[in-house]
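One structure, pasted below without further comment.
Per-chain numbering from 1; labels A, B, C, D and E assigned in written order.
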Amino acid sequence: MIIDAEDHQNHEIGGRHLSEHIEELRIQDLHAFYGESHALHGIDMTVYQGELVTLLGRNGSGRTTTLRAVMGLIGHRTGSIVLKGEEIIKAQPHKIAHLGVGYCPEERGIFSSLNVEENLMLPPNVAPGGMSVEEIYDMFPNLAERRKSMGTRLSGGEQQMLAMARILRTGANVLLLDEITEGLAPVINDKLGEVLIKLKERGYTIVLVEQNFRFAAPLADRHFIMDHGHIVATIHKDELESKQHVFDEYLSV
Amino acid sequence: MNSKIGYLIAIALLLTAPLVIYPVFLMKLLCFALFASAFNLILGYGGLLSFGHAAFFGGAAYVTGHALKVWGLPTELGILTGTAAAGILGLLIGMIAIRRQGIYFAMITLAMAQMVYFLFISAPFTGGENGLQGVPRGTALGIVDLQNDMNMYYFVLVIFGLAYFLISRTVNSPFGQVLSAIRDNEARATSLGYDVDKYKLLAFVLSSTLAGLAGSTKTVVFQLASLTDAHWHMSGEVVLMTLLGGLGTIVGPSVGAGIIIALQNYLASGPLAAWVPVVLGLIFVACVLAFRRGVVGELREFLKKSF
Amino acid sequence: MSDKGQYILQTQGLTKEFKGFTAVDDVNLNVKRHQIHALIGPNGAGKTTVFNLLTKFLQPTRGKITFNGRDITSAKSAEIARMGVIRSFQISAVFPHMTARENVRVALQRELGTSFHFWRSVKTLNALNARAEELLTSVGLERFADVVVADMSYGRKRALEIATTLAMEPELMLLDEPTQGMGREDVELITQLIRKVSAGRTILMVEHNLGVVSTLCDTITVLQRGAILTEGDYATVSADPRVKEAYMGKAA
Amino acid sequence: MTDLLGFPPQVLFGQLLLGLINGAFYAVLSLGLAVIFGLLNIVNFAHGALYMLGAFATLGLTKWLGIGYWGALIFAPIIVGIFGIVLERLLLRRLAGVDHLYGLLLTFGLALVIEGTFVKLFGSSGMPYSAPAELSGGVNLGFMFLPWYRGWVVVAALIACGATWFLFEKTKIGAYLRAGTENPRLLQAFGVNVPLLTTLAYGYGVALAAFAGVLAAPITQVNPLMGSNLIIVVFAVVVIGGMGSIMGAVVTGLAMGVIEGLTKVFWPEASSTVIFVVMAIVLVLRPAGLFGKTA
Amino acid sequence: EISGGVVKIGVLTDLSATYSDIAGEGAAVAAQMAVDEFGGKVAGAPIEIVVADHQNKADIAANKAREWGDTEGVDAFAELVTTSVAMAVFEVAKQQNKLALVSGAASSPLTNDACIPTGLHWTYNTRALAVGTGSAIVKEGGDSWYFLTADYAFGEALQNDVSKVVEAAGGKVVGAAKHPFPASDFSSFILQAQASGAKIIGLANAGADTVNAIKAAHEFGVVAAGQKIAGLLVFLPNVKSIGQEVAQGLQMTVSFYWDMDDETRAWSQKFYEKTGKMPTGVQAGTYSSVLHYLKAIEATGSDDTDTVLAKMREMPVQDMFAKNGVLRTDGRMVHDMYLAEVKAPSESTGEWDILKILRTIPGEEAFGPLSESTCPTK
C-alpha cells in the first residue's frame, strides 16, 4: 500500500505550517545503480528546513543508497536532487559538501592513518556556525581521552562517535546520518538523542537512517518507509498509532 | 564437457604445430607459457604479486646449465636439479616475503630478486654477463637425441603438459580451496584454524619451483643461461604475460605468453624492431586501462554476456 | 559435568596495555560450560580486546588464559581455533568469492587432513557436501548452497558465518556483536539461531542489544574501563545502579 | 694519523660526505615516490623515466631555448610536472578504485614507453651537460676535494626535502594526503576536491623526480636509461623508510647513501646489493619500514 | 652454386638498448653499404640483408639466429655486439656451420677458448685495446696504475689484459677497485683511486660506466691534480656524451676513425648522409667484414661456408677499414689499430672533429701472434 506524501500537506511541524517551510532537499524520480544492479527505482521525497526525517526499512531496502546518491557518491544516478535550491544530480561530492552537507557513513570511515584529533579536524569547514572542539569533546568524553590514538585503534563504538563528531564541527546544517546508533551503548544512544534534539533546535535539517525505531520515533517529524528501492509510505509523527499497520508490514516491528 | 573438447583440440594442435611452425619458437613459447602459468599460481590464485620471479627462472636456468655443462648430468637430472634449486630459493625468499601483502610483497620480492641478480653477476659459476653458453642438450631417457629440434619439442611438450596438469590440479585441489579462502579473507581463514602463512608459503614455493622448471627447460632448449633470465625486466614481462592473458584463469597466462613471445619474435626483425620496448610498454598500458581481465577473461565475459 | 571441570574458559589477571593505556585491566573471567555468557559494557570498555586476547589476535601484556584447564596463553591463533575456540567478527567474515557450500566446506575440510595436498582433486572434497548442506539447512540457507556469497544479503552472510563456525564443531563460540546492523527481523532470526546452536556448546558473546542479551544469556559480565564492574544474571546486573549509570541509561 | 678499520680517516670522512651527497639524490627521488604513493597509492615505476625527463628537459632548455642551469632548475620540474599531470589526468585517473597493483603495472608500462622513445630519439649513449660556471671547481677540505657542485646538490636537495616535509606534515595537506589514500570518496564527501589534490600531488611528486634529474644532469651522463636501474634502489629506500612516509623517505635516503658509500670502501662489489640487504633485514624486524605506521 | 639462389646476411644487433649507438642501425646501414658496392648482386645472385634487434639478450639472439639459419636460409650472421650475444650465436653458427662475422663484441676469448672454426672476430678485442692504450701510456711515463673495474667477467678480462701489458712494459699496478655494474656514481671510487697515488687511473669498464667515471674524475679535479685517466673501451659516441671539454686529452685505442685518410673520409661522408652520424669502428668493421665476405663469394662463385671461409683467409682484407688485414685460422682478423687522443675544444673544427691519431699500432703488436692464441681449432 502506498501512502502519498502529499496527503499530509496540512500537517504542522515545529509549530509552523508545513507549506510555509522552505524546501531544503527535494528529490524527484531518483534512480541509482551499482554497476548494473538497479538499487533505487524512482524516489520522490522532500525535506523541509529544520526538519528531522527518518528513512526506515529492511536491510537492503535502499536507505544507505539514498544518502549516498544525495552525496554524489554513486557513479550512476538519474533524476533530480535539489539541495538548497541548487540542482546537484551531476555535481561532484566536494561541491555538494560545500553547500553545507555533512555525511556520517554507515561504515564510519574513520581514517586509520590519522589520530582521533586529526580525524576530527579533517573535514574542511563548509559553513560558519559549527560546534567548537571543546563542545564536541564535552559531548563525547571518550574521544577527549583518546585524542592521540590512531583512528582505527578506537573501539567500534568510539569510532561511531568520532564519525558523528567530526561533521558537527564543519558547520554543515544538512546532516545525512546513517545508522549512528549502531554498536553504541544504550547510555550513549540516550546522549545522541539529546544531541539531535539540540541540533534540531538550532535549525539543522537531518535525514536519519535507522534500524532502532525506538530511538528514532520520538525525534522524527516524519518517517519515510522504504522497500526495494521505493518509498512506499510517508508517515507523520502524529500518525504513528494510526499507521501502525504500515510499520508492521514493512518493518515487522 | 566443453572444456574437454577444448583441451583435446589444444592437444591436437600442440602435437602437430611443429610441422607448420618453427619448433624452437614453439619451445620458447611453451617455456614462457609454463613460466607465466607458474607465476599465475601465486598472483592469480594466491593474490600476491611477486615482482621477483625472474630470480627463480634465472636461478634454475643457471643451475641446470651448470649441472649439464660442468657436472655432465643427464638432461632430466639437470632439469630436476635446477628446478629443485628454484624451489629452495623460493622457500628462502618466501619465508621473508609472505609476511607482507600487496605492494610490500611486490617490493620485497623485487628486492630479494635484485640481490640474487647481483649474486649472479659476480658469482663464478654463472659466467658473468657472458652467461653459460653451449649447454649440451643431451638425450632424453638416455636414448632420444635432443639435439634434434623435433625430439626436443616433444620433450618440452611433455614437461609442459605435466607441469600444466599439476598447476590446474593445484588450483582445483583441497589446497587450492584453502588458498582462495585465504585470498578472500585472511583473518577468517586463521580463525578457522588455518596457518595462513604456511599455505601461502607452499603456494609460493610451488610457484617458484615451477617457474624454475620453466627456466631449466629454457636453458636446455637454447643451450644457454644468461643474466636476462634473472633481470627484473623478466619479472615484469611475466606479469605482463599473465595480465594480458587473464589473471586467475588457467589458460590465460599461456595465451598471454604466446602473444608476447610472438610479438617479440616478429617485431624483432620487422620495421618496428627498434620499438620493441615501446610496443610492449603500450600493451602494458592498454592492458591495464582497457582490458584488465586479459584476453581470456574478456573473452569469457563476452561469451557469458552473449549466450 | 565432565571431568574437565565446571569452567570451560578462565582468565586470571588478563591485562592488555597499549602504550600507557590499559584497555583490559586485570580481568578474571570464568565462563561456565554449556552456558551463554554475555560480555557487555560501554564503548571502549575493552570487550573486543578481550576477544582478541582470547583468540590471540593480540598478545596479552599479562595474565593467564586457560581453556578446558589447559594453559593456552602462548598458543597461536590457528592453534586455538583447532582446539575448538572459534570466533566471529564484528563485520561479517565470509569468503565472498566462493559459494555458500564452499564456504562451509573450507571449514569442514581441515579435519580431512588433506588441506596441503595440492596434487589431489578438489572432487575428493565432495564427500563433505552432505555435511555442508546439513549445516546450511540448520541455518536456513539450504536454497543458497550454490550462490556466490558476494551476492547474498547481509543477514544471510551472518547466518552463513554461523554455519561455517558450526562446521568447526567448536566447543566455545565467541560472537562479537552478532546482531549489529541487522533489521529487527534478522535480529530475531539470529537470536533463535544462537539459541538453537547453543545446545551442547558454550557461547561467549558481546552484544549491545539488551533485548538479545536479556533473552539469551545465562550470565552477564559487565566491563568498564577494562575492568570487571559486576557479574550475574540479567536481573541482577540490570538492577545494579552502577551499570545503569555507566551503560544502560534509560533502557534499564 | 691512525687508520680506522684499516683505512686512513680522511678516506672515511670523504666517503661519508660523498655518501651523504648520493643520499641527497635518493632522498629527493624517494620523497617524490613517497608523495605519490601517499596520495595515489601508486608505486610509481615511471619515476626513473621522469627523473630522466628532468635531465633531458634541462638539456633541451639549454640547447633550444638558451635557458641556463638556474632557469632549468625551475622550469624543468615545472615542465615535467605538467607532463605528469597530463599522465595522471589521462591515464592514472582511470585506475581509481582498482587494486593498486594496477598502478604499478601501468607506470611500469609507461616507463618502457618513455625510455624506449627517448632511446629512439636521442640514442642510447647520452649527451654532455656541464655544471654552471658559478659552481665549477671546488674546495679542498683537507681530507678531500669537494666540488662546489656536489656541495650545492646537498643544499638544494635538503631545501627541497624540507619544503616538502613542511608542506605535507605541517599543513592540512598532509592529513588530506593520508586520508585521501585510504578513502578518497569519503574525503571528497567532506568537501575536499580530491581529484584536484590527486592530480597536484602526482604533479608534485613528478616535479621532484625531475628536480633530481636537473641536479644529476651535470654529474652523471644524461642518458635515456639513466633512471631505469636507479629506480629499483630508490624503491628499496622507500620501503625501508616506510611507504608513504615523508620523513622516512628523507632520512632513509640520506642514511642509505652513507651506508652505500661506506660499503664502497670496505667491500665495493657489494655496494649495490647492500641496500637490498638492509631492506630485507628491516622488513623482517619492522615489517612496515622504519617510519611506517604499523597498520 | 649459391644456396637458395640468394646470399642472405643476418645483421643481429642492438637496436633499442645500450649499444644501439655504437652498433645498432648504423651497423645495418654499413652492411647495406657493402652490399650496395656490389650492386646488390654477387656471383649472379641477389644479396639480401635482414636485420633484427637482439636487445642485448643472448637468448633472443640465439633464437633469432637459429631461426634465420633453419628457416630463412641466412648464410652469415654479422655485427653481434656484446660478448654474450656473440658467444650465443657462435653456438648456433657452429651447429649450422654458418659464418659469424663478429664486429661489436670485444672479449678476446672469442678467438681463444671460446673460438669456433667459423667465427670471425673482425674489429678489435680487449687485448688490442689493452696493448694500445697500456703500452703507449707506460712508454710516456705512466708507469703506476690503479684500476676501476666493472665487477663482471668483461671488466676483469680487460683489467688482466692491461695489467699484463703494463707490467711487461715495466709499469706496476698498485690496486684496483671493483665497482658494481652498472654503477651510477663514481665519486667514491675516484676518491679511492686518488688516494692510491697512482699516476694512471685505468677504466676497465664500458659505456655509461666509463662516461660517468670520466665525468666524476674531471669534477673531482683528478686530472688537474696530475693523475691521468685511461679509458680502455671508449667509443666515439661515449666521447660525445662526455663532451670534449671534459674528455680532452683522454687517450684511447680505436680500430677506426673517420678522419684518417681520404678513403675513410669519403666512406664516412656517405655513411653520414644516411644516418646523420659519423661511423664508429664497430660500424665500419661490420662494413668491412660483410664486404670481405662478399668478395670471397664473388671470387669462388659459391656461398658454401667452408669454401668461402678458405677464400676469405686467402685474400688479404683490403678496404677503407683495414689495409692488408689478415684473417687468421683462430678467427682473428689482424689489422692495424690506432692510439688516439681526444682533441681540446679549441683544436676542434667541427662537431665530429673529436680525435687525433697519435700512433698506428701494427696488427701483430695489437693482436699478438697466432701462437699465443689458445683457440683449440686454430
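In this text, a contact is a pair of C-beta atoms (placed from the backbone, for glycine too) under 8 Å apart; a residue touches a chain by one contact, two chains touch by 3 or more.
What you are looking at is a predicted structure, and each value in this text was computed from that prediction instead of being measured.
Asks: Going by the stated contact rule, which chains contact chain B and chain C alike?
Replies: Both-contact set = empty.
Asks: Treat touching chains as neighbours: how many steps, at the fewest, connect chain B to chain E?
Replies: So the least number of steps between the two chains is 1.
Asks: Count the C-beta contact pairs for A-C and for A-D, then tell me which is higher.
Replies: Of A-C and A-D, it is A-C that has more C-beta pairs in contact.
Asks: Based on the averaged CA atom positions, which chain is farthest from chain A?
Replies: E
Asks: Starting from the Cα centroid of chain C, hunt down the chain whose centroid lies farthest away.
Replies: E
Asks: What whole-number Å value describes the gap between the mean CA coordinates of chain A and chain D?
Replies: That gives a centre separation of 45 Å.
Asks: Cα centroid separation between chain A and chain B, in whole Å?
Replies: 53
Asks: Centroid of chain B to centroid of chain D, CA atoms only: how many Å?
Replies: Computed from C-alpha means, the inter-chain centre distance equals 32 Å.
Asks: Where the CA atoms of chain D average out and where those of chain E average out, how many Å apart are those spots?
Replies: Distance between chain centres, rounded to whole Å: 36 Å.
Asks: Going through chain E residue by residue, note those that touch at least 2 other chains and give them in order.
Replies: 16-17, 20, 24, 151, 180
Asks: Going through chain D residue by residue, note those that touch at least 2 other chains and give them in order.
Replies: 116, 119-120, 269, 272-273
Asks: Judged by the touch rule stated earlier, which pairs of chains are there in contact?
Replies: Touching chain pairs, listed by label, come out as A-C, A-D, B-C, B-D, B-E, D-E.
Asks: In their complex, what parts of chain D are in touch with chain B?
Replies: Going by the criterion above, the answer is residues 37, 43, 91, 94-95, 98, 100-102, 104-106, 108-117, 119-120, 232, 235-236, 238-239, 243, 269, 272-273, 276-277, 279-280, 283-284, 287.
Asks: Along chain E, where are the residues that touch chain D in the complex?
Replies: Residues in contact with chain D: 16-22, 24, 151, 177-180, 182-185, 187-189, 191-192, 194-195, 207-208, 211-212, 215-216, 219-221, 225, 235, 237-238, 240-243, 245-246.
Asks: For chain D, which residues count as touching chain A in their complex?
Replies: The contact residues of chain D facing chain A are 172, 175-176, 178-179, 181-183, 185-195, 293, 295.
Asks: Where on chain C is chain B touching in the complex?
Replies: Touching chain B from chain C are residues 55, 57, 76-79, 81-82, 86-87, 89, 93-98, 102-103, 105-107, 109-110, 112, 114-122, 124-125, 164, 168.
Asks: Considering only the defined contacts, which chain B positions touch chain D in the complex?
Replies: So the residues of chain B touching chain D come out as 49, 51, 96, 99-100, 102-104, 106-108, 110-112, 114-115, 118-119, 122, 232, 236, 239-240, 243, 274-278, 280-285, 287-289, 292.
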